[in-house]
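In the two complexes that follow, chain A is the common piece, with chain B as its partner first and chain C second.
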Partner chain A sequence: MADMLDGFLALSEALTGFTGQRLRGTGQAEAYLATATGIVGEGVMRDLLLAAAEARASSGGDTEKHEAELRRLVMSDDRLGPVARNIIRMWYVGSWYQLPKPWREAHGQSPRDHDHVVSPISYTEGLLWPAIGANPAGAKPAGYGMWAMPPRIAPG
Partner chain B sequence: MTTSGKDPVLTSFEAVAGQEFDVVIVGSGVSGAVIAKQLGARGCRVLVLEAGSGNDITVADYEESVQRFYGAQGKDNNSAYAKSRNAPMPRDYETRKLQPGQPNADGYLVQMGPLEIDSTYTRVLGGTTRHWEGKALRMLPDDFRMRSLFGQGRDWPLAYGDLDAHYRAAERELGVAGDVEDQQYGGLDFGPGYVLPMRKMPLSYLDRMIARDLDGMEVTLSGETFPLKVRSTPQARNGVPNPAYDEGRGYKPVGAVSTHQEDKGERCQGNTNCVPICPVQAKYDARRTLYAALETGNVQLLAWSVASRLEVDGVTGQVSQLEFKTYDDPDAPGHRVGHVRAKVFVLAANAVENARLMLASDLPGSSNLVGRNLMDHMYLLTWALMPRPAGALRGPICTAGIEDIRTGAYRRHHAAVRYSIHNDGWGWATGSPYSDLEHLVEHENRFGAPLRQGLIDRVSRQFLMDCMIEVLPDESNRVSVDPRWVDQMGNPRPVISFGATPYTLETAAFSRRLSRRIFQRLGAEDHTHYDPLAPGYVSHDGEGYVLRGGNHWAGTHIMGTSARDSVVDSTQRSWDHPNLYLAGAGSMASIGTANTTLTLAALCFRTADAILAGLGTHAPASTTTGARA
Partner chain C sequence: MSLTKITDKAGLHRHLEAAIQLEHATIPPYLNALYSIRPGANTEAFHILRAVAVEEMLHLTLAANILNAVGGTPDLTVPGFVPLYPAYLPDGETDFQVDCQAFSRAAIETFLKIERPAEGATPGVDTIHKGRKRAHHNGHKRHGTAVRARHVPGHEEEHFYSIGEFYQAIEEGLERLHAEMGDALFSGDPARQIGPEYYYSAGGGLMAVTDLASAKAAIRLISEQGEGVTDNIFDYEGEIAHYYRFEQLLLGRYYQKGDARGRPTGREVAVDWDAVFPIKANARLSDFPEGSALRQGAEDFNRAYGDFLALLTRAFQGEPAMFVEAVGGMFQLKELYYQIMRQPLGDGTHAAPTYEISHG
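Let's look at the complex of A and B:
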């Protein structure tokens, strides 16, 4: 699965809007790849990464084209779209959510496919909070009195 | 300290069963801990029974709760705490819409309705202060004279002034951060020169944004005009000590509770997680007081032990002994039954559990008021988006509120109310920010940079204002027991009957109207809506509202002037059983618009004084060092 990590991070960059460095910095990339692959199977994951690579390659570095290609090849695909959306959820709040019923019926069930926090640390590494200049509830506080300042909403 | 338990601060079933103490206290929450500390410091031999785990007194134990919270998919207000089938506790997600005639017995509480109430409590060491938010407002002088002033509810058998010294003791014990200058409204009087132990928590960016546009807005109620002002909320959370405290002696904050030296808990860091657990122990919880009680050497703690029955001498009315059940495994069936005797018994297990234990012991009181007059604040939530990012999800959950209409002549007609500004966004009302992420990903089909921008637009601008509405004592709102519903140990479960009266609902309607005006003044986008299928949905004058519980259970052993119309006297002593005290919010004759903890802690200081005075005739065992087991 190690050979899939770079592709997974490249896809995750496009899905989350965070840089690869920022994503790697969470320390969660391997855990999310393993969680998703363990549930949807290696075949689906490899197809997802191939489709994402194709979207990247055909857009030639143009962001708008890249997004359009991702919508065409991944987000609107019955088999790949729900998985991509779950990858977004993992990065943003650290949780896996059960795949939609039509997906499970068409592409297979997994005993691990239920709503769960990937690990206690995956919650605290959720990107939703840094995206708005905040901290996940109960972790990574900014320090006494910092809540009086405007939020620091920074790209990254 | 005993050495025979699983932990140096714990005693054991074998050491306790059949023994006699000066005082036995049921419950290790703030009520029990305050009384234990006061009595232990004066040399009384005290036993504290705790239904939950005793493994909760070190930083490592605490860290387990923090990790449990991180790993919990549903982060409800008890999600940080271990479940136990032998000492179960209510969870808010067990609440559901009731159909007439069909109680909801899915959770620990059996809900009869008509209103579903999603309040909980926590059966762990330190009690519900483990998950409380920490707001530490005093009640107003008017709140103690509801019947005399407004012709509603009941008067207390004591006045605000009678509690002033005990409020001060409670503010010291809980470590309250706040500025007295911001509490000048509604007749609140702290006495000349008084300051709270710590400076106020800095107001949040959101508070300041709201204050700028809102301060000075006028509201007229029953012909009386109130100018509104955003004011800092006093709270039991470590901040910057006020050097002027205690006539210039200052205040030293109490940090993390641990059997070992720990450098934690010194000051709030803005984790935005006061409920269910402050990860750095900057928030007060009753383990601090309990630990100080244990350190007197006169107080013993027996955990994993559920009080199950009070036995009363039929002639004198005195409580002769307490039956308890000790378990080894939190979930597996099986327990040992023991008894303890004492000169004085104190029930300090919260308003629901105190009443449940009395009723399970066939002690409804000569007034038949045990379990009745159940009160809790009703919360109406209103929510909007500020015109620009306001820094939601940062800081303590609330740092400021609108207090100016906490009392007034309007209380003849409808309930008192105060408002809190929430720094934690819309979470309480909508499940935000998870629901927002879901909306953006699943419905708006966003990903990448547009998703990030969507979160800024939709989450950082969130402003939730809670409307905390008074509920009057009403005998039909009650806790009862019923042999049909028992827990695994065979102890009866609390059966809750609760409804909202027009007195409360009228203020819900008023508050919704006021929230519209406030949002109009702020230029905020109103997103408030109430789902008719949600638990707590009520109609009033053709409009629908959702009422949420405040976890401020009160009134079930109501205080009064005689055995005919009340359960306890002004010291929380039972009228019927002279050596029994029922301590906590259950004694309160009104709840006004203050979170109950500060007031019930003050009452418990008063109770400790009364117990000491009573035991004085029996010479408290001041030479006892407590190494009993």
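Let's look at the complex of A and C:
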């Protein structure tokens, strides 16, 4: 699975809008890749990463074209799109959500495909916090008296 | 850096500037080791390291209070204030350098040297160090960049074997100058003092320094919490000195009252030396490809760290209320530490903060 990590990070950059450095900084990349792969199977994951690589390659560095290709090749694909959406959810809130019923009926069911939090720190490392400019509630305390000041969020 | 015996106020200021720099110089190595521990692992070691790092920040603030009390101006933004690691300590200890490295036996061994008791307090070890010390006195060239270079011709450079002895020299200087000048020595603006109202959550209290008695109390607190100038494992408040706290990690057992040095008899300390991000020792920006996101992240860290030092400087230069915000900044830095240290470099090591700070 280690050989899939770079491709997974490249796909995740495109899906989340955060840099690979920031994504790795959450410490969750391996866990998310393993979670998704363990549920959808290596075949689906490899196809997803191939489609994402094709979208990158055909856009030649043009961001708009890249996004359009990603929508065409990945997001609107019945088999790959729901998985990509679940990967976005993991990055942002740290949880895996059960795949849609049509997907499970068409592409197979996994006993692990149920709503769950991926790791003990995946929620507080979720990208939703830097995205909304806040610290996770009840975690990452900012220090005594800091509540009197505007939130200071580590650069995303 | 050159330090010579304190004979005037300027000399006292130089020593206290060196003291602030010295206290700070211990913080990057301690924090690198602390945050290289994988979150959730090694909780006992994590708390030992964290408590020591927090107390070093207390010491830094006490040293700034003393400097302010005698009319000096603490400035943590002067070029060279943050050493490039590996670095010699700014008090002239020349027999070892300090690395910024991952939590490991080697790191703890270095920390033991940083916090070692004064010469003479550890029979059996001293002769070796004394020999080395003499060698350095005999014209050995020092490499430390540390403190702003000022050489006073005709005076022998001071080199201290331990931080405790360095502070002893400061205390003697204070007493000498106070005998000459009286309370005029403490000419600083008391409004610049960072008092206990700005500090929280650390062993030992922060105290304002306004006269000889409070200056000596501050020095006593620094010396006893750190390394101790005596051979006591526990200080007069029953708190265990940093040196012995670290030693517990190597020996795998806690000290308890009545123990002899080197032979703790308390319960076991569980240490997992492998539950650590294998961060690169003494990393530099040049270790990260130019233009890479990783390089950007490391530069962002250095900027944030520089901002933290600038904020502390404002707190020490007349805006004590900024101290609360500066301490809050440490919590933000913690997140940046983790973000960097989780990045593999592809050679088996992980990235680490480089502390190459420039103040624009």
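Keep this in mind: the second predicted complex is superposed on the first by the 140 of 156 C-alpha atoms of A that agree within 3 Å, B and C clash if a C-alpha of one lies under 4 Å from a C-alpha of the other, contacts with A are read in each partner's own complex, and residues count from 1 in each chain.
Rule of thumb we're sticking to: a residue touches a chain if its C-beta (ideal position, glycine included) is under 8 Å from a C-beta of that chain, and two chains touch if they have at least 3 such contacts.
Just so you know, these numbers come straight off a predicted model, no measurement behind them.
Trainee: With the two structures laid over each other on chain A, which partner does A:Pro120 touch: chain B (first), chain C (second), both, or neither?
Mentor: After superposition on chain A, A:Pro120 lies in contact with both partners, chain B and chain C.
Trainee: Could you tell me if A:Arg104 is touching chain B, chain C, both of them or neither one (first, second, both, neither)?
Mentor: A:Arg104 contacts neither chain B nor chain C.
Trainee: Given the touch rule stated above, what does A:Tyr92 touch, chain B (first), chain C (second), both, or neither?
Mentor: The first partner, chain B, only.
Trainee: Given the touch rule stated above, what does A:Arg24 touch, chain B (first), chain C (second), both, or neither?
Mentor: second
Trainee: Check the residue A:Gly143 against both partner chains and state whether it touches chain B (first), chain C (second), both, or neither.
Mentor: The answer is both, since A:Gly143 touches chain B and chain C.
Trainee: Tell me the contact category for A:Trp129 with respect to chain B and chain C: first, second, both or neither.
Mentor: Touch status of A:Trp129: first partner only.
Trainee: Would you check which partner chain A:Ala14 touches, where first means chain B only, second means chain C only, and both and neither mean what they say?
Mentor: The answer is first: A:Ala14 touches chain B but not chain C.
Trainee: Using the superposition on chain A described above, determine whether A:Glu67 touches chain B (first), chain C (second), both, or neither.
Mentor: first
Trainee: For the three-chain arrangement built by superposition, which of chain B and chain C touches the greater number of chain A residues?
Mentor: Per-residue touch count on chain A favours B.
Trainee: Show me the chain A residues, by the header's touch rule, that chain B contacts in one structure and chain C contacts in the other.
Mentor: Residues 120-121, 141-146, 149, 153, which sit in both footprints.
Trainee: Using the touch definition up top, name the residues of chain A that touch chain C in the complex.
Mentor: It is residues 19-22, 24-27, 120-121, 140-146, 149, 152-155 of chain A that touch chain C.
Trainee: Which positions of chain C touch chain A when the two form their complex?
Mentor: Residues in contact with chain A: 39-40, 200-201, 292-294, 296-297, 300, 324-325, 327-332, 335-336, 338-340, 342-344.
Trainee: Please name which positions on chain A make contact with chain B in the complex.
Mentor: Per the stated touch rule, the residues are 14-18, 63, 67, 70-71, 75, 84-85, 88-89, 92-93, 95, 115-117, 119-121, 123-124, 128-129, 131-135, 137-139, 141-151, 153.
Trainee: Spell out the part of chain B that touches chain A in their complex, as residue ranges.
Mentor: Residues 66-67, 69-73, 75, 202-205, 208, 239, 267-273, 277, 279-280, 389-396, 399, 423-424, 433-434, 437, 441-442, 445, 447-452, 455-456, 459-460.
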